[in-house]
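Structures are listed in the sections that come next.
In what comes next, chain A is part of two complexes: it sits with chain B in the first one and with chain C in the second one.
== the complex of A and B ==
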């Protein structure tokens, strides 16, 4: 038992679960306080039930399909943020990389009709990976060669990307109609999943995302390349001393992170989801969900698969909360509290170790 | 460019420049004490939320200037309380300061939307308020030619408060014992500790001051620039961090940097002005100008960074 609890992986899972519990408790408090003051919000327990079931109490199997669909883009933006975190960088720019990737994918799938329609989605995905990677590359180069704080440059790129895309939308839109439907054949294939879940947006994107997560895990944990990137993250100077090209490492880390977020954009914009390139000028929320996913998953690619599922379920529960008189922001507040609590994981693990080593010593 | 355009640009620069200065000064206190405060954006939103709610619910009880003062006090208090969470996480619990800051950002947005949707009559996240806070003309000073038109007519109380804060901040940072101790904690906390300075307490001061200023800055940004607060400060918290870096963590340079970004923001908003349409540049360029110039400026100023050496690292007494 003690050996089991001393395992770093197990401790991380415990820390994540504790953070979730913390978020849930806070959510309950918020629900009850709100229900006390506001007459229309009078069913806190009902709302809690909706949150805990991820909204599935209303939508069942179909809802599961929707959760799977919600999950793939935030799994990929989560991997993007997590990968950068593992290499010592904070990629808050997933939002911009995501929207650029999504735009390029949509552009390819609508305009490049000289490619057979059945294969077009693959080209679109590759285009999104390259485009997102290029956005990440800018932050990476600025950080590595000009010492520009990657958080600031990424935030600025988020806004530049958002404005650029909303200006370019007219290129792919129909002349008379600002919205248009992606040709069904050039979307990400569903392989019958839409029939199984009775929901026409469910497609294979979730499997693509999970495969990418496993790939990233292998790169980070089982290759020299991944080891070098992580070394740059732990201590840039030590890495350089050991003969690692730290500037190249930082540049590549941000590029890969950008590519992952760009792929996430493709998952949304060349699918059957109704989604607009926002001309109201708000940043793509998937990028920020990616931060929550990565932090809750402790930046571990495999952990991120589960945290993405969890956040996707919470997002699915959000709109259903109006049935009990609340709004979906409750879920966002809970997510924020969970992230706050997960920042304590280090001290929690220390305490756990202390507790069990003391106990062991007494015996 | 004729004088009308110049006057227009300078006059409209102020509402952006003042909050940027205030918030960047807040960031300065926090980072100089050794705690990176990426939550400035969220604290701005949080402060503005309570300040605006106050104005929303107490419309006609007092005179406008008294009301805005009260709203500012409320924004400051809520900013301090909110930043306490960041201080606790990053000082007491030695948590990752980026994670804690991000959590605060996420929380502030969600919390505003949650409250606004439940409380406003319309049930939307926008909280509209009447802007009655503009001062038409300040007696005496408003009569000075040119300068009076520029700075003493149609102004907000916040402008003068912002300038006062700038003066006080430079004084505190450079001319008081407190300022010296604060800076020591951000540069070399172990050395500071060895001469009897309580590093954790100084860092608490740094973060809480940044909370107060960011909360105030959020409200001060919202009031002149809009009549409906939707729970966003459009990335100004992050722009303030850029101002802080561009301003090399020094009050006077921060003020100049904020003026520069304020000017960029005005240019971005005034693409319809006769002078700018005559230049024939695409509207798209104006939209990205504040963000693009930030990137370019940082590219050329970051390599010789004067960032406090210990910023971002939790203080560990046992560490060498």
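== the complex of A and C ==
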């Protein structure tokens, strides 16, 4: 038992759960305070129930479909950030990579009609991966060869990507008929999931995302390539000493992180979710959700699957809160607290170890 | 008998290890009390408890007869306890004076008043013969001087219990002598010194009493005058230790590496840090590059191992010029490198022991197939290495190397580097910061390698190591070779003259 509790992986899971618990307790406090001031919000426990069930108590199977839909882009941006974390880099540029990926995917799926429509989504996804990867590559090259901090270059690239996409859309768009809708056939296929969940946005993107998560896990933990990348991340000097090309490692890490975020963009823009490019002068929030997801998932690709599901469920619960008279923002506050708490996960882990060792010593 | 410090039954537990096990230590006023022990014996932990950095699970501390509750270094300071850490805590772009007053500044109307502080600093410097220049920047003065600034900081705060954590590890032989003098001076002024070390010579030179720790337990406290180096080291290690290096004369064979006209550009200034250096290394000999720290030996090794580009010259190894070859090429052609800085280069501290043991070989067919790591082989290999090299750690091959003691980290590097069966072993300060037992082991291993017909290039600052282990010595001074000597025909004093640049001759 003690050995089980001293296992680093088990501790990480405990720490994440503690963070979530912390956020929930904080949420309860907020709900109760709010119920004092808002007369129609008189059932805080009812609202809590809505949150804990991810809003599924109202929406049922359809809601589950929506959660799965919300989940795939933030799972991929989460993987992007988490992968970079594991290799010692902070990819705050997921937002820009995401938008560029989404744009390229949408462009391909609308314009490249010389490809049979039913295969177009695959080409679109590949395009998104390459485009996102190229954005990541810029940060990677700058870091590896000119020692430019990846955080700074990535933040700037976020804005560059956002404005570039916004301009490209207005350049490419037909003056008379500026809005174009994706042909349904060229979207990510639903394989009947839309019928099962009774929601036309539910498609196979979630399975793609989970497969990618497993793939990233295998690369990081099982391959020599992952061993090299992590060595560069943990200790660039030691990697060099061991004959690993540290510059190549850093460049590749950022490129892969960018590709993952780019793929996340494709998951949104070539699906049946309604999302438009024209007024895109805000940074894509999915990129920053990725940071939250990666933190809560402790950068572990498998953990990120669960944390993405959790955060997607919270998002789904938000609108349903109005039924108990509360604002959707309560969920945002709770999410924020949970992310804060998971950022402090190291402290949680330490406390956990102390707690268990003390208990163990007494026995 | 009045004791100035009494540590009673101190127990400090870290996950998986008892660092201090029921230790009771009593220090008399006005003595130099040495704390001797191997790496990981618990010396630093015990001092950290005294200094308020760790909270012990059990035990109490009495200062001057009164129970003291020390929760942080500020409390310690209030009880007059000061500490010189192994790695100095100085602000490099501040002057000496600014560093000394940091945290205890005199302020008048919201501005700093330096005049009084300057007067006191100069006064203290004179009284203890520290020869401090208050307006020099820390980044401009030598390591020895920096240490004196640390001492001055304690004196400025009126501390009278001074803890020195392995103070000589970073000093040249001359600076060590100076430090010993200063320590005696401090004692004569009524201070008490606790002196952490594992160097027996230093204990014999200055300490009055010595407490020996082994594996977290206090073995004994004895008078230095009534004990011998042999008895002390036996208590420290728990068995008899050979303090002398046993070896037969070398039988040098063919030249394996010829370095000619090698130059390196310095990273810090435009000049060459290594200037036109030429020498040969033969199989079956231990060639030592001796010199005081910062005279180009680090860059020279970086050049030979490929960590830094040459600015000129050739390295002919087994008939091939290595100058433009990759690091991987060099390691595949059987050059091993025990790096000077084991945390910077030698280990990925967040990897576990097994993962670190394959750092040079993870890409070979033994440990991977189609790009996938073979974990069973990796952990089996680690278990073998752990056994063969007696590497000790909390949880075996799965221990995170960050949590291991310095000596065992070094053994892990040694194991890994010998595992590739090198023809040329480059060892830079392989025993830095290690205890007698580990030093003995590493010296023995180097000599075994030599006797097996390998070439060993040893870079060391430690005079006694240079004299006892090497077969041939090249002295480096300001990036140039200034002398080639035979260790059996030279005294330490004479070698010191070469190292300090007062004597030089043309090499080759």
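Quick notes on this one:
Following the convention adopted for this analysis, the second predicted complex is superposed on the first by the 336 of 363 C-alpha atoms of A that agree within 3 Å, B and C clash if a C-alpha of one lies under 4 Å from a C-alpha of the other, contacts with A are read in each partner's own complex, and residues count from 1 in each chain.
One rule holds for everything that comes next: contacts are C-beta pairs under 8 Å (C-beta built on N, C-alpha and C of every residue); 3 or more make two chains touch, one makes a residue touch a chain.
This structure is a prediction, so every number in the text was calculated from the model and none was measured.
Residue contacts after overlaying the shared chain place A:327 against chain B, while chain C stays out of touching range. By the touch criterion stated above, A:227 is placed in contact with chain C alone, chain B being left untouched. Residue contacts after overlaying the shared chain place A:148 against chain B, while chain C stays out of touching range. When chain B and chain C are set side by side, the one touching more residues of chain A is B. When the two complexes are overlaid on their common chain A, residue A:239 makes contact with chain C while staying clear of chain B.
In the superposed model, A:164 lies in contact with chain B only, and not with chain C.
If you check the complex, the residues on chain B that touch chain A are 38, 85, 89, 93-96, 98-100, 102-104, 106-107, 109-111, 113-114, 117-119, 235, 238, 241-242, 245, 284, 287-288, 291-292, 294-295, 298-300, 302-303, 305. Within the complex formed with chain A, the chain C residues making contact are 13, 15, 305, 307, 326-331, 337, 339, 344-351, 355, 359-360, 362-363, 368, 371-373. By the touch criterion given at the top, residues 6, 222-225, 227-228, 230-231, 234-235, 237-244, 353, 357, 361 of chain A touch chain C in their complex. Those residues of chain A whose C-beta lies close enough to touch chain B in the complex are 30, 34, 38, 40-41, 90, 92, 142, 146-149, 151-153, 155-160, 163-164, 167, 288, 291-292, 295, 326-327, 329-330, 332-333, 335-337, 339-340, 342-344, 346-347.
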